[in-house]
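For reference, the structure I am asking about is given below.
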Amino acid sequence: MPDGFTDIGFAKVDTDRRARCGFAEVIFGQGKTPAQVAAIARIILDKEHTLIVSRATPEQHAAVHAEHPDALWHEAARCITIERQKLPALPGTVAIVCAGTSDLPVADEAAVTLHLFGAKVQRITDVGVAGIHRLLAVRDTLEAATVIIVVAGMEGALPSAVAGLVSRPVIAVPTSIGYGASFGGLAALLGMLNSCGSGVTVVNIDNGFGAAYAAAQILKVGSPS
Amino acid sequence: MPDGFTDIGFAKVDTDRRARCGFAEVIFGQGKTPAQVAAIARIILDKEHTLIVSRATPEQHAAVHAEHPDALWHEAARCITIERQKLPALPGTVAIVCAGTSDLPVADEAAVTLHLFGAKVQRITDVGVAGIHRLLAVRDTLEAATVIIVVAGMEGALPSAVAGLVSRPVIAVPTSIGYGASFGGLAALLGMLNSCGSGVTVVNIDNGFGAAYAAAQILKVGSPS
Amino acid sequence: MPDGFTDIGFAKVDTDRRARCGFAEVIFGQGKTPAQVAAIARIILDKEHTLIVSRATPEQHAAVHAEHPDALWHEAARCITIERQKLPALPGTVAIVCAGTSDLPVADEAAVTLHLFGAKVQRITDVGVAGIHRLLAVRDTLEAATVIIVVAGMEGALPSAVAGLVSRPVIAVPTSIGYGASFGGLAALLGMLNSCGSGVTVVNIDNGFGAAYAAAQILKVGSPS
Amino acid sequence: MPDGFTDIGFAKVDTDRRARCGFAEVIFGQGKTPAQVAAIARIILDKEHTLIVSRATPEQHAAVHAEHPDALWHEAARCITIERQKLPALPGTVAIVCAGTSDLPVADEAAVTLHLFGAKVQRITDVGVAGIHRLLAVRDTLEAATVIIVVAGMEGALPSAVAGLVSRPVIAVPTSIGYGASFGGLAALLGMLNSCGSGVTVVNIDNGFGAAYAAAQILKVGSPS
Amino acid sequence: MPDGFTDIGFAKVDTDRRARCGFAEVIFGQGKTPAQVAAIARIILDKEHTLIVSRATPEQHAAVHAEHPDALWHEAARCITIERQKLPALPGTVAIVCAGTSDLPVADEAAVTLHLFGAKVQRITDVGVAGIHRLLAVRDTLEAATVIIVVAGMEGALPSAVAGLVSRPVIAVPTSIGYGASFGGLAALLGMLNSCGSGVTVVNIDNGFGAAYAAAQILKVGSPS
Amino acid sequence: MPDGFTDIGFAKVDTDRRARCGFAEVIFGQGKTPAQVAAIARIILDKEHTLIVSRATPEQHAAVHAEHPDALWHEAARCITIERQKLPALPGTVAIVCAGTSDLPVADEAAVTLHLFGAKVQRITDVGVAGIHRLLAVRDTLEAATVIIVVAGMEGALPSAVAGLVSRPVIAVPTSIGYGASFGGLAALLGMLNSCGSGVTVVNIDNGFGAAYAAAQILKVGSPS
Amino acid sequence: MPDGFTDIGFAKVDTDRRARCGFAEVIFGQGKTPAQVAAIARIILDKEHTLIVSRATPEQHAAVHAEHPDALWHEAARCITIERQKLPALPGTVAIVCAGTSDLPVADEAAVTLHLFGAKVQRITDVGVAGIHRLLAVRDTLEAATVIIVVAGMEGALPSAVAGLVSRPVIAVPTSIGYGASFGGLAALLGMLNSCGSGVTVVNIDNGFGAAYAAAQILKVGSPS
Amino acid sequence: MPDGFTDIGFAKVDTDRRARCGFAEVIFGQGKTPAQVAAIARIILDKEHTLIVSRATPEQHAAVHAEHPDALWHEAARCITIERQKLPALPGTVAIVCAGTSDLPVADEAAVTLHLFGAKVQRITDVGVAGIHRLLAVRDTLEAATVIIVVAGMEGALPSAVAGLVSRPVIAVPTSIGYGASFGGLAALLGMLNSCGSGVTVVNIDNGFGAAYAAAQILKVGSPS
């Protein structure tokens, strides 16, 4: 049972996560000091060729970058990534569909994650249900994907429409885009959980990373292994 | 200023409501005893040829029917109506669109109300966004209507799709159809309030009557008077 | 079926929205970069003579203004507008009624939108129910309007009082004015959804634009066409 | 310090409450067995000439009535009362104002309590803000009262209107009348807490008893003592 | 019927409020520009000798002070007041009781208001239920008051304890002091609404002004008039 | 574009759903009359060899069974199924993991659905995190599955623990098992949405059907197609 | 590592719970069939001399009683217990303090559990903060206890007062006693979480069992072992 | 009855708290001015050798430090402490267990408090349930503790896992770490309240101090006295 870890006092870095779960440990940046992020990154990079820090800050990036000049900063996605060697390519394609332009940062977080994980990504943007012909126009592209991530704020209706059009797994990501009775993304979240489109699954508000991770796990279902 | 009323102790019946607001007072059945409903009905029928009791019970209908054998009971819509003389026909048509079969009782309440108010009604049922081609198939009918009432539970996405297809006022009615994170219709309500379809207005959960009343007021905008 | 759009990567601009819905696409500013807003504006202005960006920022205005010196900035309403040619005048009048002076920015957003859409607007301010005689004093003005938009924060009681006085469609806009148990406008929103004034319809908190759009759709009901 | 009590195991009956607080202990019926209510009643009646059990059940009444045949059952108000000797009359009058007929049971609870406490009560029913002329018609009666209890469900707007008309303390009681986004009286409660009518104070949803108790305490401010 | 007002476009100043309600109109500062506050103040001061602006900002004070050098700024209470002539003294005393030192700003708002209204105020601070002996030590002072305002954050338990000790009207003010599951004062608000101390009435979170206004109305019940 | 439907008035049966989405339309029983369910079933069975009605009632089963004696009733799962011919077997296995015995009905709904869809199911029950060794004991079984559905009420912690052990897609189903601050499954739902186990996706409370549908879509990713 | 369990298909009975956690597995009755409860009980009683089923139903008791005639039914506490041999006595005493008579069923659940676990229990009932002298009268009894469980509904203020009087661990149990804005015990829960009495810890609404379990764990801290 | 206090106007410092409750009064910094904190500190230090100010600001520390140069500032824990003489050592050990590195500041607040109270502390960090082997690795350390404080954000699942492993009192502290549907720690709070691990008790979100205080009270149960 590959269950080791490295204890550095303020963290027990789970160095066998990739063996168990398929992907190495990802650093969740929120609430950590830049020094803590840098120290955890150091441990992970001892064993891994890639690194991802989600919900990161520019200060955290600076701390990591000081030690690892190949650490990239993804402004919109708020991610730090390092890719020293490509992970094996995953089969199939993930379509990342956005209801509106304002939802792009969350979609970017998903895309950055998937690229690092070795997945092929197909981006489709601004196909909200208030102009449903824009969605119908990309129907074939959707059906051609292996998994579909649908990112939407406001009423979060897009996943229902997508799920009704195609025979692919649909992962819905509510975003905090909206105001008033959007309640920080709650309206979109509830909408997606109550989707009349069968088989839609949902992740946390603005959690592009989580959707990407789930999509990558699904892609592996199609692996020859 | 037509502001009279008849005081019967437990109620001050607003006998000039029609002069002020265009329609006579409607009895809200919830929380009233059958005897109270019957007494208020008596006062209204002294001056009016029509009566509507919303959120009514079979017991309230029995009490009214005992005095007024022409009092009809609308099971699904939970309404009592009396129509002794048709109200003047309102111009135009109201389309009542339902996302699913389960939303029909709320749509029925709207339809019963509109018929009594003299409006022409066009019913369209089961065109939820998970099978969007069913909605596109009725696009011309929608555009032909003067006002559109859209009734939907679960994620409440249908009004956004309708509002993006047509140039008509859209009144959205969330229903309590759903379970779990539907929270009694809250998900549909929030979805409709956050609609990305411009100009959608919303009434209370399951409030088919309110949507009908608003639609009737809009029809009158088209009156020659 | 007039369902074209222009794909510029981060947006699919819905260039046939006016043909379908009666008004051209409106840019929702929140969450978009100034460059994105400017780019979308460019596409819209290729086909349209008017432009409106709601929930905009001064930075977005600067970006649009740099290309289009006729782009106006409406500080209180947080809107950018361009009007190169007046849209055809809509019949009737929209009364915009405010409960208090603090609700004015939301009313301004509604007014800016309606002016651009070719509607006549009648403003009435500070007639909250705690001094109901101020409302009664404008009763004739209200009845003379074709549609009434009622803007109110705190307990959101004004739409009920207005709906009980007149025979016009009433669109209620809750505002986030208040504190404590106002919960960012939730109290006003719930108050309006539960209005005892028949036929009140409601839009999202602070959504002056949405109310204006709905009012304009209603005005068109009265058009000779 | 008059702080005695009688301990009967499952209750410590506060026999000096009247000395401290002005009124004897009131039994809160909810969640108590009929036998428990009867036992507590016995202790209280040892020292007092009056008794009130709020939120009572018919079974609790039966148990009390078996021992005290003068125990009355107030169906709508869900109260048990015994009055063997009138309490000293309180100065002034309490107006109990109801928005609608459906709010009557809560108003009844307030009235039953006030009568027992020796207060004069003036009932005014069905003066909701959707027919504001009905409220204006009773303006003099309101101003003639010493304290005003306003009972309203749905959007709970009536207290604001009353507080803006008179110079009397206004106690607002939200009721659970309504449906959907009324959320069991939450909408009315929030509306009243955010009232633009200065000086409105609020009690719990459906708490007619609490409003009556507070009103009685206020009446005593006017006592010569 | 003393129902005049002065219309200055963005406000209809209710110049007969004092005749109707006993106190002149109070300006609610939130959401108003300094210029708007100054203009409304000007109208009120034409007829009144006192002025109060609640929820004010230093900028609003500067604008009022520029025209009226006797305008005072109450930092903690966030109020502007002007007092050119004392209002007639109200009979009795209002005790303002605070659970903790952190609740003082809200108590200050109540005190500033009451002083201006001509009421005598007795301040008692830091007598929270976690050291109940501190409350018992001031029991006589509490009983000597005519009305008691109880200000408390966190769990809001103090009003229940006070109401169980005395025979005076108790007005509870929840404050936003607390964190986590205090949810901005919601915990204290709900606690007070569910008080087991009979007759406690409640105002909005942090609403010291409203409590003071209600207390002043109650004091007038004791007036000889 | 296979977008046909059969219009029977109260429903537009989506007869091409299988062509588009991979599985035929499923009847959502809630809120439909037995007659409506039977009528929709008739249309579907014209084209399909299998039928599933979710959220069904015994009355609805009786109505369907009267016409189709092969209609089975799944008591715990509240489903009606008909299987006249097996659907093609899906590759792989779905593990359905339950935190506790009380969560079984929701797991049953998932299992019934998957069996009908042609999926192989592996059931694991009562491995909640309060006895984590029970989960570790089935670790190999979990890793051997293609997709894992995790059903849990109360705090909903099981999906996090499972996701940290294996490299498979994890679909979490919160259940309404619990009381008090479980708020009908809300606690479990929020827990799962905030899972620290990367890649967990979530469906609505008690939505075993939805989880099964999503799992079946994922199984198809592994199809040789 | 004592981590065995017995797998009976619908349950994995954790037969080493007592070795790990100090007490044998407790059956949570909610959502289980009588047959399931009986089967699990059978496994537990193979190794243990005591049994407790919480949140049980009379039907579950009947099923257990049929096999084990010494199974007791605790009506108010909704528990089934079997005690064939007394567990070793725990040192010290647990005081179970109730705010009101209506909270007794929850206190009973705690008492039944503690008795079975070998703890000495001291009951104190009806000492809510609205008659604080009743609490002060039992101060010595409270201080003499080792741990104090405080059970209260409505505003849940009692734990704060108790924690301020004594130097003992205080475990607070909110109850669902109350109505309206009590929201099923939410008000009491939030009150207790925000207690100004230092060191109060809280369990779920109506969770007398959980409080008893925690108290028993604390008693063991005082054990000589 | 040791119930003295020192009244300094804006505070009644509870100088006998230690005699009653075991620990001297702790200053709650939130909402107090630096001068107020310094003044209260002065009173407490007249009688005590230790001081703690929780939820403090650097400005408050500066004010206290100016008078007491031995006042320490704990950045992460946001506490001020003074320790002029060690308090008597408490028996046993408190384990403070963190789910993730981001939860450390809350754990620090608990540790600072416990050190000052004379308790021995054992820190364990980053053992969240998504890598459960890290928790199993410290099982012996956990069992060796007298009390266990478990600090966790996001879904708050760690306390359930810990409570299922050991026979020690478990105090759970939800943190506000998370985003979206974490709702500021609400998800973790609800998760912990619904823990399937028997006997878990919970304190307010981010309330490390409260957990420490409760743990210290429990340690005293093991005192020889």
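What to note about this one:
For reference, chains read A, B, C, D, E, F, G and H in written order, and residue numbers begin at 1 within each chain.
In the analysis below, contacts are C-beta pairs under 8 Å (C-beta built on N, C-alpha and C of every residue); 3 or more make two chains touch, one makes a residue touch a chain.
Computed from a prediction, not measured in an experiment: that's the story for all the values here.
Superposition angle, subunit D onto subunit F, using Cα atoms only: 180 degrees, a multiple of 5 between 0 and 180.
On residue numbers, the A-B interface is repeated by F-H, which shares over half of its contact pairs, out of the options F-H, E-H or A-F.
In the contact between subunit E and subunit H, the residue numbers used by both copies make up under half of all numbers at that interface. Ranking every chain by how far its Cα centroid lies from the centroid of subunit G, the top place goes to C.
Comparing the centres of all chains, each the average of its CA atoms, the largest separation from subunit E belongs to F. Annotation: 36 Å between the Cα-based centres of subunit D and subunit G.
The distance from the centre of subunit D to the centre of subunit H, each centre being the mean of the chain's C-alpha atoms, comes to 43 Å.
Between subunit B and subunit G the centroid-to-centroid distance comes to 50 Å (mean Cα coordinates, whole Å). With centres taken as mean Cα positions, subunit F sits 56 Å from subunit E.
For subunit A, residues touching at least two other chains, in rising order: 1, 28, 100, 130-131, 163-165, 178, 180-182, 186, 189, 193-194, 196, 198, 204-205. Pairs of chains meeting the touch criterion: A-B, A-C, A-F, A-H, B-C, B-D, B-F, C-D, C-E, D-E, D-G, E-G, E-H, F-G, F-H, G-H.
Listing the residues of subunit D that touch subunit G in their complex gives 1, 3, 5, 9-14, 17, 28, 30-32, 36, 40, 55, 174, 176, 184-186, 189, 204-207.
Put simply, subunit A touches subunit B in their complex at residues 99-100, 128-132, 136, 154-157, 160-161, 163-165, 178, 180-183, 186-188, 190-198. By the touch criterion given at the top, residues 100-105, 125-127, 130-131, 133-134, 137, 153, 177-182 of subunit D touch subunit B in their complex. Per the touch definition, subunit B reaches subunit C in the complex via residues 1, 20-23, 26, 28, 92, 139, 146-147, 163-171, 189, 193-194, 196, 198-205, 209-211, 213-214, 216-222.
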